[in-house]
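If you scroll down you'll find the structure; I have some questions about it.
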């Protein structure tokens, strides 16, 4: 179980390969990657603020919950903060388990919690101005299934 | 949408990174990787037989269904056949979408169909003998949710 | 009519060959299975329990009561175990 | 008691600073919010709609009616948008 919060880019391919290679007994590895998306056109950059200390604590707690709830051989969460350009990877989650249902469920659980319970805030800077990304009702609702 | 059936190993990390980089407009990329697992201990190798022609057709049909059903920017399926050692990667699926729910659902759909509707058969060769892997009832039942 | 009949996994092993041409006048898959069962013990053994088998007609999954009219390739195999 | 009070995202921008020390005798978060609102317009603006805010006590999410006894760090911020 590994959690990293960093401003530097991460190498998704190397992280995913390293994670998969380290999973003894796993038959299934699921990864999720979030990418800065230019939804409206004209996005210059995304700025991600976080709450140092609480972030690491919240992510570690989520990962521990996932490990306790599903039969996992491992879980990895990496989340960036700071300034990101469109197309850059914001974060990744990886889970590994003997069976695919556990790996999928744990990855979705981690993503749902990460969206609404980890202290990150996204701000979009476009040619027209800047604005904080609003939380989506469906992200909050997604937590109900766990 | 890309489907490959091959006996050679594939480079999961490179495939996943290449796939992610090619997804214009995607905010979410999900990958699934299946790994040869030595469940009982003593597995020497796994031999995967398939039905050339029907395999490609079935996988392409599944990928087309996924693209029709969810809002995806792309989908990738790679499946190996032939002789594999424990720890080797059997197959991978990657999906990309503007939103994570679509990417997750499409990846799970592809996996469920691939398990029970793509003409692959696994044989395990152990020190004690050889045996065809039996289909699991829960894999067949998993199709009901789609 | 002449059909290409293919066998996979333990069906192939039990029958002892991966494919063969079969001359038949069977109207359905079940009819074809009945003919094959009557050939030799190894066929009877392979087709003993149809619930353990799946069939594809021209590379599409089908039911055992499906008609064979117009079909060129029939494949018999156990439930698939991909992924 | 003296609390470290932290602000994030638009709460930080509206109030104009990321953190400050606050001397308070408020029993709950709501009591603290009432005191802060009374300070200046920028605080009143930031805390105008509590349904748009979240609070963490010592880095754990909490409710607005939670007691402040024993707490050292209080953080106010909008709903989180990670991932």
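In this document, chain identifiers A, B, C and D correspond to the written order of the chains, with residue numbering beginning at 1 in each.
Going forward, a residue touches a chain if its C-beta (ideal position, glycine included) is under 8 Å from a C-beta of that chain, and two chains touch if they have at least 3 such contacts.
Nothing here was measured: the structure is a model prediction, and the numbers come from that model.
Asker: Going only through chains that touch each other, how many steps at minimum separate chain A from chain C?
Answerer: 2
Asker: What is the chain whose Cα centre is as far as it gets from that of chain C?
Answerer: D
Asker: CA centre of chain B versus CA centre of chain C: separation in Å?
Answerer: Measuring from centre to centre gives 26 Å for this pair.
Asker: Roughly how many whole angstrom separate the Cα centroids of chain A and chain B?
Answerer: Between these chains, centre-to-centre, one finds 23 Å.
Asker: Quick one: report the Å distance separating chain B from chain D, using the average Cα coordinate of each chain.
Answerer: 48
Asker: Would you give the residues of chain D that are in contact with at least 2 other chains, written as numbers and ranges?
Answerer: 83
Asker: If I count partner chains per residue in chain B, which residues reach a count of at least 2?
Answerer: 34, 100, 111
Asker: Go through the chains and record each pair that touches.
Answerer: Per the contact definition above, the touching pairs are A-B, A-D, B-C.
Asker: In their shared complex, at which residues does chain A touch chain D?
Answerer: Chain A residues touching chain D: 34, 49-51, 53-54, 57-58, 79, 90-91, 111, 114-123, 132-135, 140.
Asker: Once bound in the complex, which stretches of chain A touch chain B?
Answerer: Chain A reaches chain B through residues 12-14, 16-17, 20, 23, 25-37, 39, 89, 98, 100-101, 103-104, 107-108, 111, 138, 142.
Asker: Taking the touch rule as given, give the residues of chain C at its contact with chain B in the complex, in rising order.
Answerer: 6, 8-10, 12, 56, 59-61, 75, 77-83
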